[in-house]
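Which chain is which? They are A, B, C and D, in the order written, and residues in each are numbered from 1.
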Amino acid sequence: MLKVGVVGATGYAGEEVINILIRHKGVEITELSAIIDKEEPISSLLPVFKGKLDIICKKPDPEGMAKNVDLVFLGLPHTVSMKIAPVFLKAGKLVVDLSADYRLDPKVYEKWYGVAHKDTINLTQAVYGLPELYRDSIKKARLLANPGCYPTSVILGIAPALFEKAIDRSSIIADSKSGATGAGRKADIGLIFCEINENLKAYKVNEHQHKPEINTILSRVAGEDINIVFTPHLIPMNRGILSTIYLKLTRSMTTEAVVELYKKFYHGKPFVRVYDAGKLPQVRDVVGTNFCDIGVKVSGSTLIVVSCIDNLTKGAAGQAVQNMNLMCGFDETEGLM
Amino acid sequence: MLKVGVVGATGYAGEEVINILIRHKGVEITELSAIIDKEEPISSLLPVFKGKLDIICKKPDPEGMAKNVDLVFLGLPHTVSMKIAPVFLKAGKLVVDLSADYRLDPKVYEKWYGVAHKDTINLTQAVYGLPELYRDSIKKARLLANPGCYPTSVILGIAPALFEKAIDRSSIIADSKSGATGAGRKADIGLIFCEINENLKAYKVNEHQHKPEINTILSRVAGEDINIVFTPHLIPMNRGILSTIYLKLTRSMTTEAVVELYKKFYHGKPFVRVYDAGKLPQVRDVVGTNFCDIGVKVSGSTLIVVSCIDNLTKGAAGQAVQNMNLMCGFDETEGLM
Amino acid sequence: MLKVGVVGATGYAGEEVINILIRHKGVEITELSAIIDKEEPISSLLPVFKGKLDIICKKPDPEGMAKNVDLVFLGLPHTVSMKIAPVFLKAGKLVVDLSADYRLDPKVYEKWYGVAHKDTINLTQAVYGLPELYRDSIKKARLLANPGCYPTSVILGIAPALFEKAIDRSSIIADSKSGATGAGRKADIGLIFCEINENLKAYKVNEHQHKPEINTILSRVAGEDINIVFTPHLIPMNRGILSTIYLKLTRSMTTEAVVELYKKFYHGKPFVRVYDAGKLPQVRDVVGTNFCDIGVKVSGSTLIVVSCIDNLTKGAAGQAVQNMNLMCGFDETEGLM
Amino acid sequence: MLKVGVVGATGYAGEEVINILIRHKGVEITELSAIIDKEEPISSLLPVFKGKLDIICKKPDPEGMAKNVDLVFLGLPHTVSMKIAPVFLKAGKLVVDLSADYRLDPKVYEKWYGVAHKDTINLTQAVYGLPELYRDSIKKARLLANPGCYPTSVILGIAPALFEKAIDRSSIIADSKSGATGAGRKADIGLIFCEINENLKAYKVNEHQHKPEINTILSRVAGEDINIVFTPHLIPMNRGILSTIYLKLTRSMTTEAVVELYKKFYHGKPFVRVYDAGKLPQVRDVVGTNFCDIGVKVSGSTLIVVSCIDNLTKGAAGQAVQNMNLMCGFDETEGLM
């Protein structure tokens, strides 16, 4: 059994990692930590785990935890992970980091996250954990940068058309809509129920910190610089992201032909479900699953792609476990079906 | 025109007071204040008021504000109002306090709110602002203690049967369900969207601070001590309270007879709507209104009363304006229909 | 007092028309009708009107109703209005039609609504009721075609930039998100609570029947044919539309310059609120109001416009009353502020 | 592998049964049926099953289906099950019926469901499937009457105190709140999103058809006739029931003593979690699980019990699988943890 720890166990992503690991046949959860007042069983902090998992959630102590895990998930805020990950790496442990700290070039990171990168050495060996694109590298990773939720949804929706050079690279627009767990479990007046319920807003229009992440990966896919237009929106629901993506076809294609292209691209990828022409995915069918559901529609020279994920599963905890499965030689879908 | 101020203008109750006063023909809003970083137009702080009201919302300065108002609404947290109200009273201004600070006997207050009362002198002259019970006293009030949201819903649902001695005074149970605005606009991890949405909980079971307020008023109605059982619940919606009240009839009555009793009791009270036998109110029909809708059903010796209000209107801001109308000689319904 | 009737009084739009007319100083509601089992007071059918309006809601009888109204609102499904409107017009009454029946050229209508137009004679004299563009024609209208909800939001968001030739006319994308009242009050398994709650979907992608309406009006504004890309989405909230619009600037402009352009275009239009640079509207600030709130952001050569309305108010009933005000010589904002 | 079929596969309960069976190690889903226009893979009808289950969902044909199953789940409306169950029983197959058809005495059934019982012979051998009370009988059942959602929540909340004679049997009040899946997936104007969202109502007050079911089982527990007061409420959320139960203690007990009594009663029952004194359950912690979470609080002579379940899991599909596990010799928790 692989010994696994979770740092940041009481956040939404940490809770979901635990929830998935409980169903995983190859791992044992040996360590949990979070910033808490008192060390007590995780089932006291999060009653959802009563009768399922009773180990103690400790206060943060990376050095101590490193002695008792083979792999650790870091469910931490940006800028904190890069201080903690080196402790585990130095102890020879595998790290799956759910923050943005190991996803970007240090200059880009500094520009978008406002601080200089503190761990540029480990950064060079970090692998971006989108298995549908980078499965082979992931298998060899020691430090895994788990993708952001919006980037997962947007990149998977664009990559096939971009890779096949079917679209104009200078005219990519992603209009994304996310449930509120995407903002994390934190006390913030903008996140309270009555501010989000019966409301809808765009935010950080074309300035969201996930935009450079999307651009970085799409540029790799295209082999040249890509700069998309990206608008995130906050939706009154707990979970789910739906991205509506507007692309310009460079050659005449039918919806059926694009469906074919996408199905071929994702052949053998267990967590992408491409819809037949005439059908489009919706959030409810991916909530609680690790699937990314994709539907397409051609209208004249415009290709519209609708891409859906659960932001906490394929957009965070589920993808993190999928990456762990690849890194540790488990079946890619273990614990996730 | 009556010059009116609102202290705590950016809270949910303060915002709703402003919203109602804008439609009121007899008042002019001359002063607004709140704890804010920068003084700016209320329409910048709360864009809902763009094009409707543009006066500056100031930082707290009771003495300064008192010079420019005839009446002030205090939309403040408990324990704060009793420090501010005396300033306005001393300057000879009318005060409508939406907090609990002037609703209870000082000993009861100290027990339930955890601090000694700081303004016992003014407390003795405060009038409890439930117009359906105390209209005449309210007309003469200088300091008005606006009722709590749960008490408004529960007391109006019980008072007729209790006053008419139709029920057992020792067996009163109120099971109340409230929308999330009842908790106020504050950063609290328990109030964030994903903790309330798709959830439901009872809280402060038979220990809520509104229980002594209900007991105090019902004891006055009954002419002897009343001690109810009271359980509040938090519901995933913005506005509204529905109280389901379980009473024991002391004599055999039909549903129709109880309807008759309630209609008679509330005759001439413009904001109570008693439903005919066979019909029961629901929250959607009172949201955004100052009505308290009441339906009853007799089953054997049990009388079940369903009482609905909008917690921000009849349960706070609307009732506050209704009280102002009575205190200042306006029509009781001005601004509220 | 203008005598006014509402056909389709129990639908969401009909209910909201009544709700607004109750507050209107210049009208008297003399007639209500709907497809109902039994004629009874509207306050029995819709308890929200208890104590506010008690007139009888009758079964449909256009000829009878026409004798007792000066103006009628038709809150009817598409294809039904064109059978009813002629009755009122023949009797010399004014008609405000909230359906799509008088908005489009008959050929376009037949293509998108699937039936031949039944009243092409009256259609020629119908005026499209978007007051921000057509105030003068509206004042003289006998038959008013009240705009669709999505078109109101999208056209108002694009018109200034289009009219000023600031954008590429061949590259207009509108990504719209609507609350569920937009689908009407009807029994449909796709509309039940658990299918919409905690869900999100795109539908009728670039094939929605409001697209030709948007194209028709924008083509008039531009003076040449416009064909936009339009994707509607269904959001788990009751009311509100937010449209995120992606445009290509034809000349270099700052956000501030675009704000200026929009403010100038909407100068003197009481129901459009243009936000200053750096601020964007959200749904909560327009719900229950007749405002269309617009914010803009320039990023490189891309202009992103966010346009918000309440779909039942500015997107239906409120705009209908605004049009009635213009047709009948009332102040444009009467009943709506 | 046990061959299992689901009749009514596209309803909420049927969907959830399938969802659980997919994770169950001892069964194979061999047959699905529903009232549908066209026979197609269940993953086309319910895309949530894409990539998980692709067998054809057929039109109803009980005789045909009976040949290919060992056990069948009936997710059918009341009054329909009793026409279908005999087909499977006659063929020697096990039946787990999720409707109310085999839960009540035929006279009580006729009174509350409005039709005479059509299968009184099989009814006599039906076992009420509440495993916490009737595990031994369930193991031998051929026809299992799966309990209603409200009864599961209410009975489990009352049974320990009632069995131990700690409470007054004549004064039991259950105030239950349910999410909207409880009403099923059907086109009904009262169930559409905008009628339930931002609303709250009591319905069928003390007249709900689950009341006689609760009374029947509690009377068995008590050994004498019990008649409770029961009010259900509809809450704007998808899943979950929270019942707040008001009881009168017949002897002085502390909260701790009641907790002890409940823990003892449910010792060895894997799906009941009794909370320690001072803590109360909430819906979010049981959603998606088969747990019934129970918390208690004593206040004077009043015992308040809060009992939470997921109405589709412990209140329907989960409990149905738990019963199948007992009937077929699987571990009671297989597929449910």
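The criterion applied here is as follows: a residue touches a chain if its C-beta (ideal position, glycine included) is under 8 Å from a C-beta of that chain, and two chains touch if they have at least 3 such contacts.
What you see is a predicted model; the values in this text were computed from it and never measured.
Participant: Quick one: which chains contact chain B and chain C both?
Facilitator: A, D
Participant: Let me check something: if the centre of a chain is the mean of its CA atoms, which chain is farthest from chain B?
Facilitator: A
Participant: So how far apart, in whole Å, are chain B and chain D when each is placed at the average of its C-alpha atoms?
Facilitator: Roughly 39 Å, centre to centre.
Participant: Determine the centre-to-centre distance between chain A and chain B, using the mean Cα coordinates as centres, and give it in whole Å.
Facilitator: That gives a centre separation of 45 Å.
Participant: Which residues belonging to chain C are in contact with no fewer than two other chains?
Facilitator: 195, 197-198, 236-238, 281-282, 284, in rising order.
Participant: Write out the stretch or stretches of chain C touching chain B in their complex.
Facilitator: 46-48, 50-52, 198, 270, 273, 275, 279, 281-282, 284-285, 288-289, 291, 293, 337
Participant: Under the touch definition given earlier, write down the residues of chain A that touch chain C in their complex.
Facilitator: 173, 175, 177, 195, 197-203, 205-207, 229, 231, 233, 235-240, 242, 244, 246, 280-284, 287, 297, 299, 302, 304, 306
Participant: Per the contact definition, I'd like the list of chain B residues that touch chain A in the complex.
Facilitator: Residues 12, 179-181, 185-189, 191-198, 236-238.
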